[in-house]
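One chain, subunit A, appears in both complexes that follow, with subunit B as partner in the first and subunit C in the second.
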Partner chain A sequence: MAAQTTMSRSPLSQQSFRAIAAHAILITYTLIALFPVVIILINSFKSRNAIFRSPLSLPNSETFSLIGYETVMKQGDFVLYFQNSLIVTVSSLAMVLLFGAMAAFALAEYRFKGNLLTGLYLALGIMIPIRLGTVAILQMMVASGLVNTLTALILVYTAQGLPLAIFILSEFMKGISDDLKNAGRIDGLSEYRIFGRLVLPLIRPALATVAVFTMIPIWNDLWFPLILAPSEETKTVTLGAQVFIGQFVTNWNAVLSSLSLAILPVLVLYLIFSRQLIKGITAGAVK
Partner chain B sequence: MEKPIQKPAIRWHILVFIAPAFLIYTAIMIVPLFGTLQLSLYKEIEGAKVFVGLENFNTLFGDPRWSESFWNALVNNTWFFVVHMLVQNPIGVLLAALLSTNTLRMRAFYRTSIFIPTILSFVIVGFAWKLILSPLWGVAPNMLDAVGLKFLFAPWLGKEEYALTTLALVSVWQFVGIPMMLIYAALLSIPDEILEAAECDGITGMSQFWKIKLPLILPSIGIISILTFVGNFNAFDLIYSAQGALAGPNYSTDVLGTFMFRTFFGFQLQLGDPHMGSAIASAMFVVILCGVSIYLFGIQTRLRRYQF
Partner chain C sequence: MGSLSLKNIHKSFGDVEVLKGIDLTVEDGEFVIFVGPSGCGKSTLLRIIAGLEDETSGTVEIDGELMNAQPPTKRGIAMVFQTYALYPHLTVRDNMSLGLKQAKVAKEEITTSVELATSMLSLEDYLDRRPAELSGGQRQRVAIGRAIVRKPKLFLFDEPLSNLDAALRVNTRLEIAALHRKLSATMIYVTHDQTEAMTLADRIVVLNGGHVEQVGSPMELYNNPANKFVAGFIGSPQMNFITAEQVGEKNAVTVGIRPEHISLGTKKGDLSGTVSHVERLGGDTNVYLDCGSAGLISVRMFGEHDFAVDSKLSATFDPSRIYRFDAQDNTIV
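== the complex of A and B ==
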């Protein structure tokens, strides 16, 4: 900080130097973050020779090829995998959000015996990963005939998502003013309506944040699909891509295309929702 | 148990609100967790489940074949965690500190791009880096060549001494977005008055970060550390996709997750053994419980929280 001596000019130049340094670091890291994704995407549109000859260049009219995508479409049942992933993710997400919000409301709103204890019990799952119970979960699913069904995955992911959802949502619900809810009660609204009509709309930003944090690990999970639902009909995209790539290791076009197919939908969804996500995360901090 | 009884009447709505979450969570998470702990006390002998007490743990820690694998996995797992703490979290804090500067332009672009790897699945990340680092394709060696550092290149994922660190760094690359976002949110929540007061006292720039902001975000760093810990001791997917269930080369990337998976499901000539698998899960449970307790009782209580 040798700035003190030249007070008149230095704050500005120092500031701009700092801004340039900040941009330099951020751009470098952005490149590191995006480089692998970009290189997979551009090479998936190239012919086999071009992939090896010039991996860093964009596809042009000479090297452009969709052969990889054709192989993937012919050999892998990616449409079905997508459908499975979508069903599992959306159903578990809906259950986590609904049941999580309900439980969070009860814990935040009412005083009853065992409130604190129930809250702690439900929060236990944030720290203890559900995977540790895998052996018994599998036995349970075998006993109830749910192995190789999407239901098994939906139930597991709902249980996995609930603890964090309840924790975050009840923090938010404690911040909602009592006057509003009491006004509703005076107007004769039932407790269920107060929850559905008054509270739920108010915690929408929190619901969005919870939705993103619940969704990403579900969509990307490999462990439970591999163990609970590995059959062809119930494979999720993540498992499907894993198995497909395992079979086609030497077919670089197919491998790169299947990777791109797995990246693109998540990427598009993320770019659509990223604004909400950031808002949700920072809203939790600023309130 | 929650008894929603108040003097006049049972408030049924409380029960209705809590029951679905409570039941699903208990049935799918808590019961199997204790079921697994219990299974580790049994053994299959001639097709029948027999109670054997701590014999499985005796095997796990006493039999050199088992204990060697277990300690290898535990040590690898610890190293995996250490790399995350030393690389991922400092980078996350640095990026967040840069992003939270008020005057910075293109903030949204940086934030969005740096978070992209985090949304990708382990399978994609594992294979993408496997391809990039592959000497066959030559992206990594060619790029090193371009800056005159080709001699540094080695097939990192294929060498016993580098493979684990390489995978840990890949995982760092993927998840740096999470500490970045959480710290970013924490930094934004510092009231402007405090920063203005600091500026009046002549504390700006770097010294403002070290003296004012860092102490205020320590609780967030604590939470991130424990999340990193739980996440790392639960790791499986990345290693399975990049190196397979055998966590090669020569088990050098084996962590507790892959070890448990192999034991539970069997591999090559060894048959799967749910009871030994449960024993490993129980050991993991103890490890995670220790870490979480150290955090809750040793670190969190000492962190001062500031109320604004």
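== the complex of A and C ==
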């Protein structure tokens, strides 16, 4: 009722009210989402006592301390951990995107016996968490001698990421006009070129979305590194940070510093993909 | 160069039989149009000719060569799609030359082919634009240009005009007719619009429910339709169908008369009724006469006429232009 009278009186103020409301909601959400990250960041630059005395205050000249970062750099081989995390994340991501897109193309594009069944089988992976199979996976890795290798992690994460990737990408691919692909076939493009040159550029926004959704859980995972690759040479950042969490004493400075550092690479990757995402969306809009 | 022969083409999608035995030959240089209601299988048949869809059974021959196992590129065809299907990330020039590049044609030859096609379609100013920066009509011309550049034996058009507005449709129709004369190439063109079919075709193939109803020149179909379906499909406004008893016809089940072969008057005629609506188009006047149990009869008269709605009139049929149909809806000759 009230909204209606406002609208009939002046649509402009209604509009600005809506804009303000939308922004208020979004800003609130952003604050809530960023709060823990900011807390980690500011506390990582404080001395131990300051962290506990006033966890919410910014570091000042008295409380400022790089002791956490120093510990991280000194203890353990954090550069190696970072490298491991990056190798695992980027390789898994590349495999998920490549194989996911290829499988999605086959499912979306070709009519063959068992098409629907294959699609359903792959979609099962979305509903059943891969961790349920941990014991079997560990046995498999032991049998194939892959325990304590990054390969083990890459394989597992690829399997973990594929179902959702295939599902999302094949839905997008079904939306691409058959005529376009057929025009390519008449012009003599091979199926690989149609996939690579016509279809992939058109689903770039979907690829970027899938990349972000796939990347974050891999980067943050503690479970599989702990079980499949806990050796010193194959530790990932999340696992490496655990050395500071003891049963009796936890080195909070070091934990917070290592977590802060761990945010950086994933942030860079995210920025790359989100730029692709926006590029793809604007390219589609003027189609 | 450019003849086509289809023998007993069947096509099923799962249990649904979409094409039920199509036989057709197209001579070199002919402009043949497939016409029929939506969903009758026109596009499917065209895609089978192009090699984009596999036939369930039957043979496709182009220039006397069996093509069933050949991929689209090897068939010497080019296709223009209803949705244009231009490559969104390529310029007009690259859109047109991609096919030749794939076929490893020499650079200079590609350039001359593209230039020839662009001048034919007056696209010179747009060569470096992307499809997104073109109007619908221009996009359609690029799609036609992309077909011309390939110098195909057989041009295939799938409803190329249906996404254009009415004025542009007439223009592009004329351009396609001119193109056919200039290239003297074989063209197969799919449409559901009988006007397009009548104005462009050397021969029309009327399809319905997956089989061929009749093949013939536009005037053959207009003057001698083989059955009630063709009689009703060709001609606008549609032919009037009246049950035979209404007009005292003993040897037929249904009688058909085209709106333009009826004259209106006050003297007693074949049917009488009241005027329910009058459409004045300037050149023509369409009168709709409610003839009670005989139904609504449309009458097309040339020039301007004035009839008051609800006035009583009688309709007289041109006796030489009455069509008679039997119980199977076939024309009685």
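Everything below uses one rule, namely that the second predicted complex is superposed on the first by the 213 of 287 C-alpha atoms of A that agree within 3 Å, B and C clash if a C-alpha of one lies under 4 Å from a C-alpha of the other, contacts with A are read in each partner's own complex, and residues count from 1 in each chain.
We take it that contacts are C-beta pairs under 8 Å (C-beta built on N, C-alpha and C of every residue); 3 or more make two chains touch, one makes a residue touch a chain.
What you see is a predicted model; the values in this text were computed from it and never measured.
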item: Subunit A residues touched - subunit C or subunit B, whichever exceeds; value: B
item: Which of subunit B and subunit C A:Leu180 touches, first, second, both or neither; value: second
item: First, second, both or neither for A:Gly188, with subunit B first and subunit C second; value: second
item: Which superposed partner A:Ile128 touches (first subunit B, second subunit C, both, neither); value: first
item: Which superposed partner A:Asn220 touches (first subunit B, second subunit C, both, neither); value: first
item: Touching partner for A:Leu202 - first (subunit B), second (subunit C), both, neither; value: second
item: Touching partner for A:Leu155 - first (subunit B), second (subunit C), both, neither; value: first
item: Shared contact residues on subunit A - subunit B and subunit C; value: 286
item: Sites on subunit C touched by subunit A in the complex; value: 47, 50, 52, 71-73, 77-79, 81-89, 98-99, 102-103, 132, 146, 150
item: Contact set on subunit B toward subunit A in their complex; value: 1-6, 11, 13-14, 16-18, 20-22, 24-25, 27-33, 35-36, 39, 91, 94-95, 98-99, 101, 103-104, 106, 108-125, 127-129, 131-132, 137-139, 142-143, 173, 176, 181-182, 184-186, 188-189, 205, 207, 226, 230, 234, 236-237, 240-241, 257, 260, 264-265, 274, 277-278, 281-282, 284-285, 288-289, 292
item: Parts of subunit A lying in touch with subunit C, wherever the complex brings them together; value: 177, 179-180, 182-189, 198, 201-202, 283, 286-287
item: Touching residues on subunit A, where the partner in the complex is subunit B; value: 1, 15, 18-19, 22-23, 25-26, 29-30, 32-34, 36-37, 39-40, 51-52, 55-56, 95, 98-100, 102-103, 105-107, 110, 112-115, 117-118, 122, 124-125, 127-140, 155-156, 158-160, 162-163, 166, 190-192, 195, 216, 219-223, 227, 237-238, 241-242, 245, 252, 255-256, 259, 262-263, 266-267, 270-271, 274-275, 278, 281-282, 284-286
